[in-house]
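There are two complexes below, and they share subunit A, which is joined by subunit B in the first and by subunit C in the second.
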Partner chain A sequence: MIVCLAVVGHENNPLYIQSFTESDDALKLHHIVHCSLDVIDERVNNPKKSSPAINEAFLGLLYPTENYKVYGYLTNTKVKFILVTTDLDIRDADVRNFFRKFHAAYVDAVSNPFHIPGKKITSRTFGERVSSIVKPFGLNSAS
Partner chain B sequence: MAPAAPKSGDVLFASVDRVNAELFTLTYGAIVRQLITDLEDVEEVNKQLDQMGYNIGVRLVDEFLAKSSVSRCVDFRETADVIAKVGFKMFLGVTASVTNWDAEGTTCSLILEDNPLVDFVELPDTCQGLHYCNILSGVVRGALEMVSMKTEVTWLRDMLRGDDVFELQVKLLKQVPEEYPYKDDE
Partner chain C sequence: MVREVSESCVESLLAEIVLSYCSGFYANKPELAARRIEAIGFQVGHQLSERYTMDRPRFTDNLDAIKFICKDFWSELFKKQIDNLKTNHRGTFVLQDNRFRWLAHMSVDPSVQASGNIQDPSAMAENKSAQATGMHLYFPCGIIRGALSNLGIECAVSADISNLPASLCLAFIILMPLLWLSQNLFSSISLQNADYAALLVQSIIF
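For the complex of A and B:
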């Protein structure tokens, strides 16, 4: 189950944060997202020798906390997508797929001539598309 | 030489040079954004877009008539059909449908279900009075004026404001007979 999605700009400014559960403290999720930014910076500055040059976008599991898993995705404009989920048996392929769709929705939102790059994403269509991508996510990996 | 038969919209669309649709959409979006930043008043922007469309329309109609070789339209109904089926298809790649004819046959609505100008666009709350596609109304008005028809073109429904289609109302005000600059008896 995805609990939180965040889009962070290239200067670590938040562009979009959405939590999908009411039970957990939103602040705690924001804090997790914030900490994961440090992990991303670390990964970007010290690339592992084994990382393939082709798909540098998907950073994979950033770090597992108590009951959450945090995945990262870096676009070539240094915009970071962060996914926090409670599923413990999630497949890598599912997360990659998710990020691909999320990236497509992000690109469409940013192509809006009224969107100012660097400011928060206020598009309602983007929010709806994100909800529709998030909903089947937990169902696929559970089955 | 026999005149060429009028070509259908699809054939014409396939024969003209194409440009990337996203480039076209993003360019138009940039124009509208810049107009809003420069003029700041939404009504002014609407007027400017209409004026720009008018300037495009008066030049576009010659290209349209040259490439499509449609014959003279008998009445306004045929004109509206030609605009919707051939004109829109040739220049925008989408076909419009014509509905809502009034009793005299001088007013109709062109319905566009798909509009390449508005891909990715969402109007912010500060620009709610903006007719984003006002350039299209100017184009239709300008083109018809060049073939001696004075019209009034307004938007009835706008997808960016929450409606389900774009509806453009075209009202024929006057058919202006062609004026010859020289008197016949001189």
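For the complex of A and C:
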């Protein structure tokens, strides 16, 4: 189950943070997202020799904590997507698929002429679209 | 789902933008009109580059980004690629388009030539027509600048028309910061601000 989704701009400014749990630990999730930004920077600036493609957008599993797994995705325009999930047996392909759909929703939200680049995304349509992508995510991989 | 845009609508819209900014909003201040049109183009290019880099692997360096502009970005906008790319390997790129679609249907008013000085009518007419079409080039320059800035490259973009209106060769010149060497008029100038650079280059070329 996805607990938190974040979009961070190229100057590490938050553009969209949404947590999907009812419990009150939003702050802890924000902290996890913030720490994962460092991991992304490290991955991008020091590519490991063993990694197959240093130019790929999907960065894979960033780091596992005790309860959560954190996945990262870096677009061409240096915008980072961060996904925090509690599922422990998630497939890579599912996460890639999710990020692709999320990227499409993000591009549509940014193309809004009333959106100011660098400020938070405030579109309600974007929020609804994201919830519709997030809902089936846990169900597919659980089955 | 691919959405399509009518080209004649785009051309009419661009002509109207230039007309209303040059003769309406900033009637006696062509530099302000130019800046405003270029800023509109900047935002459009910013958003378009977000969309067109979606399925692409990340770029490794500046040359990759410029090649993306020449090939994929240009073919999404104008259904053709840039015809010629030149660089001096020190941060200046010249993109040449031999048939720029947005100006292809534009004609120059022949009455402009009649009002010129008798001594040098051809040069005067060419100057006036270059001025008139020059205003229409700020929008594409802004688009390129916006797209490049979203990819992390701050630059100044200017456009130059040669052989008009016969073949409408258009050259977009992209200057990367911060050092710009010109052979003709200036010695080396170091520019702090990309905006100032754009205005400076435009004032020289136009």
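Methods note: the second predicted complex is superposed on the first by the 137 of 143 C-alpha atoms of A that agree within 3 Å, B and C clash if a C-alpha of one lies under 4 Å from a C-alpha of the other, contacts with A are read in each partner's own complex, and residues count from 1 in each chain.
By our rule, contacts are C-beta pairs under 8 Å (C-beta built on N, C-alpha and C of every residue); 3 or more make two chains touch, one makes a residue touch a chain.
These figures come from a predicted structure and were not determined experimentally.
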{"item": "First, second, both or neither for A:Arg124, with subunit B first and subunit C second", "value": "first"}
{"item": "First (subunit B), second (subunit C), both or neither touched by A:Phe114", "value": "first"}
{"item": "First (subunit B), second (subunit C), both or neither touched by A:His103", "value": "second"}
{"item": "In the superposition, subunit B vs subunit C on subunit A residues touched", "value": "C"}
{"item": "Touched partner set for A:Asn67, first subunit B, second subunit C, both or neither", "value": "neither"}
{"item": "Partner chain(s) touched by A:Thr77 [first = subunit B, second = subunit C, both, neither]", "value": "second"}
{"item": "Which of subunit B and subunit C A:Asn46 touches, first, second, both or neither", "value": "neither"}
{"item": "First (subunit B), second (subunit C), both or neither touched by A:Glu56", "value": "second"}
{"item": "Contact residues of subunit A, present in both the subunit B and the subunit C interface", "value": "111, 113"}
{"item": "Residues of subunit A touching subunit B in the complex", "value": "108-109, 111-114, 122-125"}
{"item": "Partner subunit A, residues of subunit B touching it in the complex", "value": "22, 25-26, 29-30, 32-33, 119-124, 127"}
{"item": "In the complex with subunit C, residue positions of subunit A that touch it", "value": "10, 53, 55-57, 74-78, 103-104, 107, 110-111, 113, 117"}
{"item": "Subunit A partner contacts - residues on subunit C that touch it in the complex", "value": "43, 46-47, 49-51, 53-54, 56-60, 150-152"}
